[in-house]
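Shared between the two complexes below is chain A, which has chain B as its partner in the first and chain C in the second.
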Partner chain A sequence: MSLWVDKYRPRSLDDCHYHPELSSRLKSLAASGDFPHILFYGPSGAGKKTRIMATLRELYGPGVEKLRIDQRVFVTPSNRKLDVNVVQSNFHIELTPSDVGMYDRVVIQDILKEIAQTQQVDLNAKQKFKVVIINEADSLTRDAQAALRRTMEKYMTNMRLIMCANSTSKIIAPIRSRCLLVRVSAPSDEEMATVLTHVAKKERFHLPATASESIIEASDGNLRKALLVFEAMKMQRPDLEGDIDVARPDWETYCAKVADMILQEQSASRLLEVRAKIYELLSHCIPAHVVLKTIADRIVDKVDDELKASVVHYAAHYELRMRQGSKKIFHIEAFVAKIMSVVKQYALMGMTEDWE
Partner chain B sequence: MPPKKGSPSGKSRTNAAPKRMGSLSSFQPMLNFARVPSGGVSTSSPASASGSTSNATTGPSVRPASGRSVSGPVASTSKSMPPPPLPRRGQAKSVPAPAAKGRPATKSTGDKGKGKLKMEDNEVVEVISSDEDDMPKKRRRPAPSAGKEPAVDMDKAAMWTDIFGPETEAELAPGKARITKVREWLYEAIHGVPEAAVHSQGYSPSTARILLVTGPAGIGKATTVRLLASQLGIDLVEWTEGVEERHLGVGFETESAISKLSSFLSRNAYPALNLGLGASSSSQTQMHRPRALLMTSLPNIGHQATRTAFHDALLSFCHNYTPSSCPLIIVHSESGQGGRAEESWMDRERGGYEGILEVVGREVKDGPWCAEIEFLSLAPTFLTKALNRVLGLAISDPAKRPSPGAVQLISLSANGDLRSAINSLQMLCSGSVLKNKKRKTGESREKATGRGSRGGRGTKVDVSDEIRAALDAVTRREQSLNLFHALGKVFYNKRLDDPTTDNDDQEAIAAIRKLALDDPLPPHLGEFERRKSMVQMETFIPTIPVDTSMFALWLHHNIPQFCTDVEQVSSIMDDLCGADLMRTEDDIWQSSPQAIAYALHLTVRGTLMGLPSPVPRNHQKVVKPQFFESYHTERANTSLLDVATGHLARKAVSASIAYADGEADDGPPWGGTESKLVLATETVPMAVKIQSLSRKPLLPISVQPLALQPYSAYSSGMFLGEELSSVSRQGEEDESFDATAAGEDGLGVVPDARHPGLWDEDADGKQGKEQLGWLEDDDIEDFD
Partner chain C sequence: MATFGRLQTAPTPQDPRLQPWVEKYRPKTIDEVSSQDNTVAVLRKSLASTNLPHMLFYGPPGTGKTSTILALARQLFGPDLFRSRVLELNASDERGIKVVREKIKTFARETPRNAGVSSDGKTYPCPPYKLIILDEADSMTQDAQSALRRIMETYSRITRFCLVCNYVTRIIEPLASRCSKFRFRPLAQGSSQARIQMIADSEGVQADPGVLDLILQLANGDLRKAITYLQTAQRLHTAGDSPTPISVMSIHEISGVVPTNVVDGLLRSLGVEPGGGINTALATGFDGVRAEVRRVGREGWSAGQVLEQLHDALLPLATIPTIPKANAAIAIAECDKALCEGGDEELQLLECCLRIKEALGKA
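Showing the complex of A and B:
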């Protein structure tokens, strides 16, 4: 069985429920025969990869569905072996070079050269070029991006790049200027509601408006999250009627409870309890900045209006430090301690610290 | 052969030996704690006998380390050696030698004699290619001739650690239990059955192949092994790394160190053939003597290729083992513990610090043939005992020995390292000897500093200022405080005029009082005004036994319980953050030693500034930072995340192929691989949740640890300071809290998703092999 989020993923551009003008533009691009390098960008869960795959189907037909997973081994200049998993078909290859951290340049160069130097041998192929999909292009190192820039020009005949990123800000200007930038924005609430209703219809049940609203509210324009939450809720409470809890990921609930702990008591011993929870979260691969942000969000929701500004200020302050520093736990905990003392000051004296 | 020959020839060599000690390379082996009685059985005796210093072409890289006395025609050590367990012949006569400390010396003389004799006899005994031909010679030290002042002679000649090694089992410093274990292992490995079961029938043959002796440096691991081996009548064949490879010059085929090692292992796994002419009785006894291989220095296993080769060599050694082969003993000092807080890029690339797993490799470690005996660091009382013994041997005149207090001070400051303690002791004694001399000869010069007179008072001082000063100069500066001691200094934040001061502190207080007063702070900084701290940074910083980031972790983990207010914690945490920013590794400035030093200052000073004064004392317990455990779990979970990714991707891909082949109409379309962030925060947690609700397996059971523990308001056992007395009560409150929390915030209780029945158990079996690729620990994952 598969998750709804996979099951009801649109297969073709025509099936996409929102951004119809973008779909028609991509279709005409695929039909024109002059396909450019494309950089898809937009928030998480907006449908970038869905559209990339749909575009590929438009370009090559159902042949791209014949996928295989390969493990490729790359050797760095320092003779270290890197294993990278790539998904590919006869017409395209998909890789996530940022998985190998600072060695991404090696992976990029090797793969691109290999693809670029082999001609398409399938005479029935609709296009002469192959497509390389690069996931998480915004976390590529500068080196890798520079390597990319050069190959983009050099091997234009045999290869097209499709990159996928959350924002263009971390992508160097030369690459941006060589690509067609396609923004896939997050679906609006109505668009999301359409999608949810569509899924409900396919699953043959009725989705009440209240449930739909609460799902949409909980998922911040992230359609993937909305569908996951939707499925979990349906499993939890099959009728979906009445006042119903939104099924959130466990760690979000966990963070919210940690935030509540912080607000309940402000003391050194409470800080120790909070620390144990944070360690638990971190050891489950929840990124530290996500933990900090989620806790801060919850605290902002709960505290007095006068404190909101300083909570956000400190969240920003410590998140920056965390990204610069090396031990995440120090910074999250410093944030927690600071919030505790701010909340305590406010409760005792009814005033906020002047953080400016 | 007339045994007497040994001693005269030995005497002549006595004079030659010290000369060679000049060079650094020849000094090196002297630092080894264990005194290896060296000699000519398997070394190139001609070289050593002729006294030539460098013989580049042949020379033993392998030297038999003990039991020389048996095979050698010259009886050397019967006086001081423990009674040998096996009846031995042909060695009854002992060289007349001073009984107490003469043993090593006589031994060496014996060796020489033997060497020479061997040469005459033309008796060749395995000469294994090597480069350290003069190794045995280096081990020698001149025999103190009777009547000479031994101490003076001794400290010029060699390290006490070499000379006064233990001679009986009772004298060994490590604990009895471990010594017994080593002994039993040795016996079992050599004889095929445990000592206790020799006479019982039907005992299955032993699988003992490799013994790992681990533990901190300088606690007598190698010494124990050598001594026990000689007691059991086992010849130790020692592997030593060649260092003088380059001097071989051009034209020689240089064998890589690792291939040398492999051949060493394979060659020596077999009992030696009797190559002798069979005439001499000595060679016959030799044939029957069991042998064991000893490795105290390992190849550079930090290097990936070398390590793999080493593991392979060990594995094939285990596989090719026959009952007549020699067992292998690896003595390895644990290193890397207490090192860096998180392994840096470089370390991880090389595979992390040298745990025992890294040393021998997984297959060998998990196999039946490998045993590990871990030695612990020595308690000060053991050290004191051992030091007193050495002292008794070294300085015959009790009046000239340092006071018991001084010895105790040394053993306390040695951190369990006996070798370093003995070295310190020797330094101290040689110092006092020197001072004695000075007084006799040139007192006039020394008087100006007052040192002469102090030294002149001789070695008979109490543990007073003088000895303390001397010890500080000689030893303490290099030593470090115990970690907990250092942490305690910070945690208790003692300042001048604290209401409670122990009597011990008076001295220190007086010293602090003598310091100049600090300038008063300007009014706007008034909040930072503190009484003068008893922790003087300049003297404190160098005594911290761990590195900056480690120290910060310990402080961080334990500091909240020493604070009374959350504001204090907050200010301390702020400074820890600041220090953490300084010592990240991404650029040149930040990883520079200055930055690290500043970070340490900021850590300690910030903590002292933030702590209340005086710190309330309510039996706080200092515990190990949770950071490492969490970090390791995180890495394990990251690789599990890869497993989950692989599982989902394979399912999607196969569905996609089925669709393309027209086998299925509505396989879910491939949506591209998801990023780690999305997987960790959205897909996997939700998939866990959905499968726990729908009872349909989505993820393989092997990734089960990825599911969060259900939330509980109380922390698990890790937690410090909390009494664990109220376990049952705790459980009850747990539930009620969860219930109320659920009611209040509408978040619901985190369900326990760890129920095993929910997971895709087939998936694991099915993919077994495939999965390997994904299971590969992705150590690229940034730890920034």
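Showing the complex of A and C:
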């Protein structure tokens, strides 16, 4: 049995619930035959991947849904072997280059060359070109992005790229110049409500407005999260009536606890305790930047107005450092220590530091 | 790969109806290259004298660098000799220096001879050297670049190099100094107008007044982008049974420019009257700024783009005193750098906005 998120994922552009203008735009592009390279961008859970798959279906028909997973081996210039899983149909191939980290260039290069030098021989194929989907395009290294530049132009006869990213800021200008940028914004609260009601109807039960509201409230425009929360809630409280608390994920509660610890006491021994907690979070595979952001968010909500800007400043500062450095925990810890110092100074002398 | 066979021959020419316009309208001769008059004038001369220096083309994306060198090569050698005389290597090819050296060595081994009339009935200058195009040279490593220096010298009698790149500062000086440099500027609106108009005419594009101007303005000197906008808009407006002329609205939507109301909302929360000046009465507290920043993120606008438009909206305001304005500009610049280095979009944008608000509040 599949989860609701998958079970009720719209398969065609016509079935997509919100952003009808976007669907019709994609439809006319797919119909024209001169489909461009496209970069889809927008927040997580807004439905980028769904739109991409629906667009592929529009291009090639239901055949694209026959997926197979191949394990492929790539060899780096330094003769390391990389095993990569690729998902593909007869018409497209899908890659998540961040799976191979700094070797993404090799993988991209090999795959694109291979696709570009082969031609559809399936005579029934509706398009002459094959599509390469690149997930998480914003985590491609610069090297890999550079490798895409001329390839995208040269092999356009046989290949189109569809890239998927949260933002365009990390995509280099020459790539942006070669793509049509398509923004997928998060659904509005009303649009989310429509989707939830639709799912409830399909599952043959009634969704009370209060429940719907609290799900939407907890999911911040992320439809995937909303559907997951919804399904979990339905399992716990089948009637969905009355005052229900949306269960926050454990790690979120845990981060909030850490934030409170920081605000309660600022000392070396407390820093050590906090450190142990952060290790705990990281060892449960919660991404370091999510940990830092969540803690910072909670602190911002609790401190006096005078301190809020400083907290954001240091969160931004150490989050960036963390991306540049290699030991994540160092930077979270530095952030915690800094916030402790800021909070303490303010408590002792009512002073805010001038961080500019 | 059951349904794919290896392509044995050159790709079959594509049905021109299905070809993306950027490729369809790639200049075939250097005279078709718009807006780069100086470069074209110099190249035309060297075409006449058939004496070519080593060259370095640099400039932002979509300004005609690749098109120009390919057109020049075609005009020098004609269709028959193009394959044997021109070698194009780019960043997607394996460019460890060993590979480059081997490729170039093999390629340069045979001394080229002058040729007579080409199969298309025209005569081409066919100078007695080969042309090696290193496109996207800025992604070559330093080592590879220094090795290239030697290679250029070794084969200088029978080869000419053309390096093409976006960022000239990434080319090492000794290499750059061996080349005649050609700077490709962002296309001026006036001179690229003719080209886009020509494309619109030959494709039978119907557009509302002002649309072509807007396309060029939003493409910001990148003609490739302008052509993509035009083609996309044309698809959207001719998809149904009753085609409509391209409207200004759809161009805005396609280009991904953040609408004014979003930018204005952000400005107000920082205490700035859009188009006016500082008005601290408008400024909201921390929560107000955060709400605006979150809204931007939820709607999917990229922080980089928002920052750019924030910058363009703030800096021309004459009523903001110099020092606060300078501090705001510094905040924007630092945020831009942080974003490029991979900082979290929401955090960085929020931090930047708070700093701007703080700076302007001191005015």
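Assume the second predicted complex is superposed on the first by the 343 of 356 C-alpha atoms of A that agree within 3 Å, B and C clash if a C-alpha of one lies under 4 Å from a C-alpha of the other, contacts with A are read in each partner's own complex, and residues count from 1 in each chain.
Throughout what follows, a contact is a pair of C-beta atoms (placed from the backbone, for glycine too) under 8 Å apart; a residue touches a chain by one contact, two chains touch by 3 or more.
Because the structure is a prediction, the values reported are computed rather than measured.
In this superposed model built on chain A, chain B and chain C occupy separate space and fit side by side.
By the document's definition of touching, of the two partners only chain B reaches A:N135; chain C does not. Of the two partner chains placed around the shared chain by superposition, chain B is the only one that A:L271 touches, whereas chain C remains out of contact.
After overlaying the two complexes on the shared chain, residue contacts for A:E58 are found with neither chain B nor chain C.
Once chain A of one complex is fitted onto chain A of the other, the partner contacts of A:R183 are limited to chain C, with no touch recorded for chain B. Contacts of A:Q324 after superposition on the shared chain: both chain B and chain C are touched. Contact comparison for chain A: of chain B and chain C, B touches the greater number of residues. In the superposed pair of complexes, A:A146 makes contact with chain C only, with no contact to chain B. Contacts of A:L112 after superposition on the shared chain: chain C is touched, whereas chain B is not. Seen from the CA centre of chain A, chain B and chain C lie at an angle of 100° in the overlaid model, rounded to the nearest 10. Minimum C-alpha separation, chain B to chain C, in the superposed model: 12 Å. Overlap of the chain B and chain C interfaces on chain A comprises residues 324.
Interface residues of chain C, counted against chain A in their complex, comprise 1-7, 11, 14, 17-23, 60-62, 66, 90-92, 94, 96, 135-136, 138-139, 166, 222, 224-225, 228, 231-232, 235-236, 239-240, 253-256, 285-286, 297-305, 327, 338-348, 350-351, 354-355, 358.
Touching chain B in their complex are the following residues of chain A: 1-3, 5-11, 44-45, 49-50, 52-53, 62-63, 65-69, 71, 78, 80, 82-83, 85, 87, 94, 96, 99-103, 133, 135-136, 164, 222, 224-225, 228-229, 231-232, 235-236, 245, 247-251, 253-254, 256-257, 260-261, 266-273, 275-277, 279-287, 290, 318, 321, 324-327, 329-331, 333-334, 337-338, 340-341, 344. Residue ranges on chain A touching chain C, taken from their complex, read 21, 24-25, 27-29, 31-34, 36, 41-43, 46, 77, 90, 109, 112-113, 117-122, 125, 128, 130, 142-143, 146-151, 153-154, 156-158, 166-170, 173-174, 176-181, 183-186, 220-221, 289, 293, 296, 300, 305, 308-309, 312-313, 315-317, 319-320, 323-324, 356.
Taken together, the chain B residues at the contact with chain A in this complex read 341-342, 345, 349, 549, 552-553, 556, 560-561, 563-570, 573-574, 576-577, 580-581, 583-585, 626-627, 629-631, 633-634, 637-638, 641, 646, 649-653, 655-657, 659-661, 666, 668-673, 675-678, 680-683, 685-690, 693-694, 696, 698, 706-709, 711, 713-716, 718-721, 741, 745-748, 750-751, 753, 773-774, 776, 778, 780-784.
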